[in-house]
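Shared between the two complexes below is subunit A, which pairs with subunit B and subunit C, respectively.
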Partner chain A sequence: MKQSNFKAWLYLLPAVLFLGVFMVYPLVEVVIYSFEEGYNSASQTVFGVGGYNYSYVLHDPYFLQAVRNTFIIVIITVPVSTGLALLISVGLSSVKPLRELYQTVYFLPYVTNTLAVGLVFMILFKKTAYTDGMVNLLINFFGGESVDFIEGPYWAKMFVMCFYTVWVVLPFKILVLTSALASVDRTYYNAARVDGTSKLRIFTRITLPMISPMIFYLIITGFIGAFKAYSDEVALFGVNLNAAGMNTIVGYVYDMLYGNGGGYPSFASAAALILFAIVLTITCINLLVSRKSAR
Partner chain B sequence: MDKSMSHDRIERTLRRRRVGKAAVYVFLSLWALIVLFPFYWMVLSSVKSYSAYNGEYIPSFFTLAPTLENYAEAFSAVPLMRYFTNTLIFTIATTAMMLAVTVLAAFAFSRLSFRGKNLAFTVFLSLMMIPNELVIITNFVTITDWQLRNSFLGLILPSVTSVFYIYLLKENFEQIPDELYKAAKVDGTSDFKYLVKVMIPICRPTIITITILKVIECWNSYVWPRLITDDEAYYLVSNGIQAIRESGFGRENIPAMMAAVVVISVPLIVLFLIFRKKIMDGVSRGGTKG
Partner chain C sequence: MKVKLEHLTKRFPNRNRKIKAEVVAVDDFNFEIPDGRLVGLLGPSGCGKSTTLNLISGLEKPTEGKIFFGDEDVTNLPPENRGVGLVFQNYALYPHLTVLQNILFPLQNLKGEARPTKAQMLEKAAEAAKLVQIDELMDRRPSELSGGQQQRVAIARALVKTPRILLLDEPLSNLDARLRLQTREEIRRIQRETGVTTIFVTHDQEEAMSISDLIVVMKNGVIQQTGKPQEVYDEPVNLFVATFLGTPPINVFEGKISGGRLYIGEDAVMNMDGAPEGEVWAAIRPEGFVLSENGPFNCALRRVEVMGRDTSVVAAHPGSTAEQLRAIISAENRVDTSSERVRFAIKPNKLFIFDRETEERIPFRAL
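On to the complex of A and B.
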């Protein structure tokens, strides 16, 4: 028994080592950082212990801007992407020919590099001296005025941001929902059809309840993912997100850690923990709501 | 009379159904167009010549004089090949190490019995909920302290472990019947040999899925490489693209940028078209993006 104990832990050793050094230890350390005041990475010294880092971060206008942006992104993209994914999936499962082709196309954004395609989006939306850009042409065609979506007004930038986010997250949601729809037992539909139930009623009374666990799963993971938005923003607006006024909480954390305003792991830790607290709270609320409506 | 009325009704229902079908197809095609358009646009822009691109105030939807000069420019003006090789090295090394670590751990959890197994597994599971953003700060400090900034080791080490893959593989390993293990034990096969000769071949589909997911993750990783490298010699493709965007090609040569974007996007798209079923199946079981 002793022998087999030892051998089993030997198999686990690599995983334990990696997780210990790069996950468990960092988790403890990040909490400590966040309470160490005036940490100096060069001399490894600290002034004292307290909540100053938190109060600094919470009073930093850049952080407040980042929180505002993040919340707007979350509030817009989560419902829109989930709703759109539901519509598309229902459409997909109602047709037979070409279904595979559509599914393949819809999945493409998942396997592309966010930074690379973000550059294409930037070019489509950007207004330069040479051209107003593809999207503005479309707007002009319908009689609208050209807008610079990349360096122009705040809401234009936010629109591109949300549009791109939805574009990026949709493949996963469509995939999950189409497989959920495919797994609904067909006998329910047949029974309903024999009873002469209308299509809308079948959808709201049978389909929705049957796939609601998956919808809740998508909403919960969607919230978590949207709160961590960062790479998509960089792809569209460049590394200096504060200057563009489009920073997110995660972006603020990384800027504090490294980059132009960097070198403050304590502030970064405090901001990261605030983000974690927000995400945890929202996830708990989501779970409570989903449990209540499941009953 | 009665007959013709019901015939009318059937006709009407059929027509309504056809219109509904058409509407569904229009809607689906519209989204497909929105998905595909950026890809079309990047390929199109990448084959337009520099002067042609900048001469078009209203961009045209096709080009009659496609050119490959932008691709030559992309490979010569910026170290695109270097970014490419770096990403390849990073992806292969990280994925290989992840596989070794994952297989060993999943084997211990599914096949061996030892003291503290349940506790250890619970701890592993709870680690799945830890967001990357929280641990990346300390990892940044750790790697800096180890003098591993701007090195492959620094890039790879913190990217190796994925608790979720251990969990996925452990579930799969557990489906292999006990009888096989007992038979192998009677024959005097060692645990390790059993793992390599029996368990890994049986679970190959799951292992392939994990590998592909990890490759996608590595190819697209941006945040960690950005934090840990500021020497161009160690840039991965994502960071390379960002560098090109900020300063490459004098910021104005968009066709060349698009050529670089195409070159970077193609490998994953090809991989996807080859392993379409596997990837979609794997992502629906364990994907997290979004």
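On to the complex of A and C.
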């Protein structure tokens, strides 16, 4: 018994070591930082221990702006991207000719660099002295007025942001859903056909329940991913997100650490833990809902 | 409802795209199934019996030929308009629905005037569940049922919309041996009670023989023989049908007819009339052997297996195509196990001879 326990720990050692050093220890440190008031990284000194960092962050208008932006992105992009991905994958699995070509095309954004994609979006949406950008040309063509999507009003920037996020997360979801759709046993469809089930009913009563675990997986990971949004914002609006009013929670954490006003690991840690609390709550709710509907 | 198949043919393109020739799954079927009968489509795997079932259900379109239900030509009707109930080999019960919801599913698909009210639906579902004796399990999920219970649910789901034809694809193959015996009786009973014309597919000859009114023996997409099970067993038209039906299987020997006598090896087994001279296949059912001290059929005795009701004598004969032959004799006969030889006489009605080339049955009269 002793012997085998020792062996088990020996096998676990590499994983335990790496996870401990690079995950558990930093996590614990973050929690400690977040409660240390007035931490100075140069002198390694603190004034005291308490909740001041949280209070500061929660009263910081930049943080509140970041929370608002993050929530808007999450609430819009997760349902829209999952719904769109479902539509596209159902479409993909019902076409026969050139299916592989379409699948490749839809998957391309996934393997494309975020910043390169951001550049393309700039060309599409940015208004410069020389041109109003592709999208504005279209708007003008239909008789609308040019909008500055990158440096203009908040709703326009948010629109580009959401559009971009949806477009970026779509391929992975399509990939997952097409394989989920393909894994549904054909005999269920045959059974439904013999029983005269309409296409819509087959989709809602058979296909959807069959792939619902995958849909819930995508929603949960989608929420988590969207809450952690940062690089996409940088790709579109540059590093000074606070000035653009497009910062996200992760962006705020980064700014607190390394940004212009950086060097505040305590505030960054507090903000990160607040984000953690939000994501944990939402994920728990998601799991509860998915378990209920599975029953 | 009577079912008539006319020149029914189904060809598939070859899986290997380089081969141009098509695969003929069902070849020029002509067959009529009388109303209210239980018919077994029987054949080895890959002989096209499931394809035939799919053609009748409408899941596959025939390449040529026609299908009639009664007098109605249903060849071009989609499956939902044919009024067939189909039980799949793996049952295809919807795993996320309860037994009741599964049974209700076909009824909820009905539209317009055909759609019963909710109360009527529940009543019909309860009726179907009662028929297959699963009325206690209505709130369970398929995953909480045994294989036999799932099978019953699948049959109830197929029957609930009162189909014109009930089709069963290998209904017993996923059950263990004991359940199989029980379930085949069940299928027989359900078919009798509802009177619905039922076609089922199986590769198990015992299954087909035991419950069918009629059997259709198939090989490579071609109907070999149709008829009542006993008739087909007693009068097989060719060597394939003779070897496919019966457990233990029929014993096949290389035989020769010379001077009005059938020789198997050196033994002159039987005097006969009406069969042409020359080499033939001689096939003897296991129950066609009679222990006889002076019998013409002289075998090397391998072993004797006593199985209560009867005794199985395993022996070897130089003319046999298999390594050993098996004779079933009544347990009252004692075999001298110390002896190395055993001699049999052959019952003429259990002996068949077949052409060596075409393997067609050659009629003869024993003298």
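General remarks:
Just so we're on the same page, the second predicted complex is superposed on the first by the 277 of 295 C-alpha atoms of A that agree within 3 Å, B and C clash if a C-alpha of one lies under 4 Å from a C-alpha of the other, contacts with A are read in each partner's own complex, and residues count from 1 in each chain.
Heads up, the rule we're going with is that contacts are C-beta pairs under 8 Å (C-beta built on N, C-alpha and C of every residue); 3 or more make two chains touch, one makes a residue touch a chain.
Keep in mind it's a predicted model, so treat the numbers as computed, not measured.
Partners subunit B and subunit C, once the complexes are superposed on subunit A, both fit on it without clashing.
Legend: residue contacts after superposition of the two complexes on their common chain; A:G222 is shown touching subunit B, with no touch to subunit C.
Of the two partners subunit B and subunit C, more subunit A residues are in touch with B. Look at A:K173: by the touch rule set out above, it reaches subunit B but stays clear of subunit C. In the superposition on chain A, A:E145 makes contact with neither subunit B nor subunit C. Once chain A of one complex is fitted onto chain A of the other, the partner contacts of A:V279 are limited to subunit B, with no touch recorded for subunit C. In the superposition on chain A, A:Y102 makes contact with subunit B only, not with subunit C. When both complexes are overlaid on chain A, the residue A:F22 reaches subunit B alone and has no touch with subunit C. Taking every C-alpha of subunit B against every C-alpha of subunit C after the fit on chain A, the minimum distance is 8 Å.
The intersection of subunit A residues touching subunit B with those touching subunit C, taken from the two complexes, is empty. In the complex of the two chains, the subunit A residues touching subunit B come out as 4-5, 7-9, 11-12, 14-15, 18-19, 21-27, 29-30, 33, 41, 81, 84, 87-88, 91-92, 94-95, 98, 102-117, 119-124, 130-134, 137, 167-173, 175-176, 179, 221-222, 224-225, 228, 230-231, 234, 238-239, 250, 253-254, 257-258, 265, 268-269, 272-273, 275-276, 279. Against subunit C, in their complex, subunit A makes its touches with residues 185, 187-188, 190-198, 201, 205-206, 209-210, 212. Across the complex, subunit A is touched by residues 21, 24-25, 27-28, 31-32, 34-39, 41-42, 45, 54, 56-59, 100-102, 104-105, 107-109, 112-115, 117, 120, 124, 127, 130-131, 133-142, 144, 157-158, 160-161, 163, 166, 191, 216, 219-220, 222-223, 226-227, 237-238, 241-242, 245-246, 254, 257-258, 261, 264-265, 268-269, 271-273, 276, 279-280, 283-284, 287-290 of subunit B. Interface of subunit C with subunit A (complex): residues 57-59, 78-81, 84-86, 88, 90, 92, 94-96, 105-106, 108-110, 157, 161.
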